[in-house]
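Note that the chains are named A, B, C and D in the order they appear, and that numbering of residues resets to 1 at the start of each chain.
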Amino acid sequence: MIDKTFKSCEEAVACVPDGATIMLGGFGDPGLPGRLLEALRQKGTKNLAIIHNGAGAGDWALGGLIKDGRIRKLTASFPCNPGAIAFQELYLKGQVELELVPQGTLAERIRAAGAGLGGFFTPTAAGTELAKGKESRVIDGREYVFEKPLRADFAFIRAHRGDRLGNLAFRKAMRNFNMVMATAAEMTIAEVDKLVPVGGIDPEDVHTPGIFVDRVVHIARHPKLVEITGPK
Amino acid sequence: MIDKTFKSCEEAVACVPDGATIMLGGFGDPGLPGRLLEALRQKGTKNLAIIHNGAGAGDWALGGLIKDGRIRKLTASFPCNPGAIAFQELYLKGQVELELVPQGTLAERIRAAGAGLGGFFTPTAAGTELAKGKESRVIDGREYVFEKPLRADFAFIRAHRGDRLGNLAFRKAMRNFNMVMATAAEMTIAEVDKLVPVGGIDPEDVHTPGIFVDRVVHIARHPKLVEITGPK
Amino acid sequence: MKLTRDGIAYRVACDLPNGSYVNLGIGIPTIVSSYLTPDKEILFHSENGILGMGPVAAPGTEDVDLVNAGKEFVTMLPGGAFFDHSLSFSMIRGGHLTHSILGALEVAGNGDLANWRTPGEKVPGVGGAMDLAFGVKNVWVTMTHVTNKGKPKILKACTLPLTGPRCVKRIYTDLALIEVTPEGLLLREFAPGLDPAAVQAQTEAPLRIASDCSAMNVPENIKGVPLAA
Amino acid sequence: MKLTRDGIAYRVACDLPNGSYVNLGIGIPTIVSSYLTPDKEILFHSENGILGMGPVAAPGTEDVDLVNAGKEFVTMLPGGAFFDHSLSFSMIRGGHLTHSILGALEVAGNGDLANWRTPGEKVPGVGGAMDLAFGVKNVWVTMTHVTNKGKPKILKACTLPLTGPRCVKRIYTDLALIEVTPEGLLLREFAPGLDPAAVQAQTEAPLRIASDCSAMNVPENIKGVPLAA
């Protein structure tokens, strides 16, 4: 029998070594695997390279890891979000590296890794500061920039429902980066709001098939993330 | 008010000119827009370039169009399917052009067009006969082949449910090429088994958002396609 | 007279055709949806995987899993859809959205747009701005015509790093509606009480005057909210 | 003795570990799923957008919207999923499937595979064969050891156009189980009643003999179906 469930976030992240590269899903709170990150923070793991759209907020989850000085590099599209004070302090002191990637290029580079591609040409950023040093090519009269796939050792994601096979279903705006990140890491660890029996997610409703998911942890939502309307 | 519905397949395909390039969804019968093709056949449209996984079967839909000599070119991965007698006869007489593309590369080239990319590097076919004449590149120690996006003037697709905004939901194995093709044509025309009111497809269950769909025709399933178990 | 922020948004809303698929940036653009007339059906897109987004959620009805690209709690309208970032940016980059309404720091006469790096800013961030600038058919800018210090923002050439070259199609400001054409900027409308010369005086790039150039038809207020003052 | 087609499929089934994600090609590979023991949970993939596929549908229970890559009506097991061609080939090309079980016309000592162009064939077709050959971690070939005319199919070098270079990891035939290693082919097992020399006699490529090389442990029949004859 296949059983990808883990009893706790602590057990699920126990194998993450110092120096690991971690993709981190979520956009704002929806789909943010905050409890996995908090477990990693408690464990003391350091020297991490994080791939995420923003730079965390406050002193919880990614914000907390950054505040504790555990991050050596951030690959992000929008690290200047107002709450990302911890990152911004470190960045201005030169204590953390930043790779700035346009949001769509970030998603596409992650998808390319998961889809086994060697890279792609995107029009986004051609001729701008963010294309400096990158190969460009005119294809059918338009200028494109070459972008390489972006992989990670781990992907931390959060879904609404999951089963022991690793099948996941998201809710409303939770899908965001979680679906592509699940495909692009050596090991994908999912935090789920609800654990359902196999067959509990209709095959039509599986957003991320279990083939992409290695570990599933069922954990009640963080108190900060109170469900106001009822879940589906 | 947005209303993308058309009363009949004849009206929906009336604007397709001779010489058009048409993407054709479906893999086997599931998701095959056979009634749209039959309407095109009745209209007498000719000199068509078709992009489809196979080469049709028998003398209905794509098989019928080919038998009637309306196709100048086929881009496909598997035109040697046993039923594709009409195509095979024409091909052996040199009366139709064939561009043979591995199935995954076909799907990915169509997706690249829909996603606004200029092309991508795929490992598939590197060093084989199907990569001859194509640019190749070693990236991180592996050989890749450069593939360009594949667009069309029209995409003909079939879904199970649709609404007047063009939102579509498929059933079981109907999704296949339909979802990427909907994104890669100047005009996407969908044949749907059921027309539902706006809101009748839950936002979680929309597989192809209406932004990708221009015309929707509600038409009972072809008699050959009898539903044996009940639909969802 | 000048248009207020609501006035600029109102003027944009008048021009969005029925059936548009629109991404609204932060700031003035977000107000646009408030001024759509009920005869038009328009679908709003959010980068984080939403099409058919409704207004901001009323207090007490927020759904914690439903935020827009600005992290505000929002609602859905019937006929909407959820999807992931990959498909969301296929919609943007692939040219499927019809309109991107953005704020700007500078726009040049050739349509160059600069809106991602502010002069004093120390931590850069680009978000989805470049994807929108490069991908969407109609990039419409909303902004004040000049800076706080009265300096023109519509320039012969941008001085800040570009978001996208030659991408802006229209500029909606508190003073004017300007179209970007292959021959340069074309003044289409000016705020009530101004004239073309007054607009040109606050614009560094040269303006051609449309043959039917006229004063904007914007009411002074709607439901008590001033549109022009 | 030789293994039957069912015997080859049985031998493959013995080697598939619990938790595998497997794509089965047309022919002998499709029979593999019949010989899995209930202690193993294995998910079968079909190129046209299915994971967790069950057996072929019983007559009268077919669902017209549910076919496999061979266009047969199939069923679903609990825990399966439907998706589109794009995600389906991401699974293949991205290395997510653990096993691809394919038929072959020729295999070379270095793992080169030829299975897409038959010698006499006039209309070519490749389908998903190349994507599987290039993308999946474990490409396992099932075939008869020699052609109808008795010619070896395991060659020093393929003569037919390649499906993929150096992709085959194991070869399961009616005569042998051979592993492809960086040092060439390694004979692991031979059919009951044969010996390594008899296998080499029908194999063009040189075989090394595994230190634990032994006769296959395959019953003569299961539920009345002969596995070896």
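Everything below uses one rule, namely that contacts are C-beta pairs under 8 Å (C-beta built on N, C-alpha and C of every residue); 3 or more make two chains touch, one makes a residue touch a chain.
Just so it is clear, the structure is predicted and the values come from calculations on it, not from any experiment.
Chemist: Minimal path length between chain A and chain C through chains that touch?
Modeler: 1
Chemist: Quickly list, by label, the chains bordering both chain A and chain D.
Modeler: Of all the chains present, those in contact with both chain A and chain D are B.
Chemist: Determine which of the two chain pairs, B-D or B-C, is joined by the larger number of C-beta pairs in contact.
Modeler: B-D
Chemist: Report the inter-chain centroid distance for chain A and chain B in whole angstrom, where each centroid is the mean of the CA atoms.
Modeler: That pair's centroid distance is 33 Å.
Chemist: Starting from the mean Cα coordinates of chain B and chain D, work out the distance between those two points in Å.
Modeler: The mean C-alpha positions of chain B and chain D differ by 30 Å.
Chemist: If you average the Cα atoms of chain C and of chain D to get two centres, how far apart are those centres in Å?
Modeler: Computed from C-alpha means, the inter-chain centre distance equals 57 Å.
Chemist: Could you tell me the distance, in whole angstrom, between the mean C-alpha positions of chain B and chain C?
Modeler: Measuring from centre to centre gives 36 Å for this pair.
Chemist: Note the residues in chain D that touch 2 or more other chains, in rising order.
Modeler: Residues 76, 82-83, 89, 92-93, 135 of chain D touch two or more partner chains.
Chemist: Which parts of chain B, given as residue numbers and ranges, touch two or more other chains?
Modeler: As it turns out, chain B has residues touching two or more other chains at 108, 111, 115-117, 122-123, 171-172, 203-204.
Chemist: Output every touching chain pair, sorted by label.
Modeler: Contacting pairs: A-B, A-C, A-D, B-C, B-D.
Chemist: Applying the document's contact rule, which stretches of chain D touch chain A when the two form their complex?
Modeler: Listed in rising order, the residues are 18-19, 21, 41, 43, 45, 51-52, 76, 78-83, 87, 89-97, 135.
Chemist: In the complex of these two chains, what residues of chain D are touching chain B?
Modeler: The contact residues of chain D facing chain B are 46-50, 60-67, 69, 71, 76, 82-86, 88-89, 92-93, 117, 121-131, 134-135, 161-165.
Chemist: Under the definition above, what is the set of chain A residues touching chain D in their complex?
Modeler: Within the complex, chain A contacts chain D at residues 1-2, 111, 113-117, 163, 165, 167, 183, 198-199, 203-204, 206, 209-212.
Chemist: Inside the complex, what are the residues of chain A that reach chain B?
Modeler: Touching chain B: residues 108, 112, 115-123, 137, 139-140, 142, 144, 148, 171-172, 203-205, 232 of chain A.
Chemist: Applying the document's contact rule, which stretches of chain B touch chain D when the two form their complex?
Modeler: Against chain D, chain B makes touches at 27-31, 76-81, 84, 87-88, 91-92, 98, 100-105, 107-108, 111, 122-130, 160, 170-180, 207, 225-229, 231.
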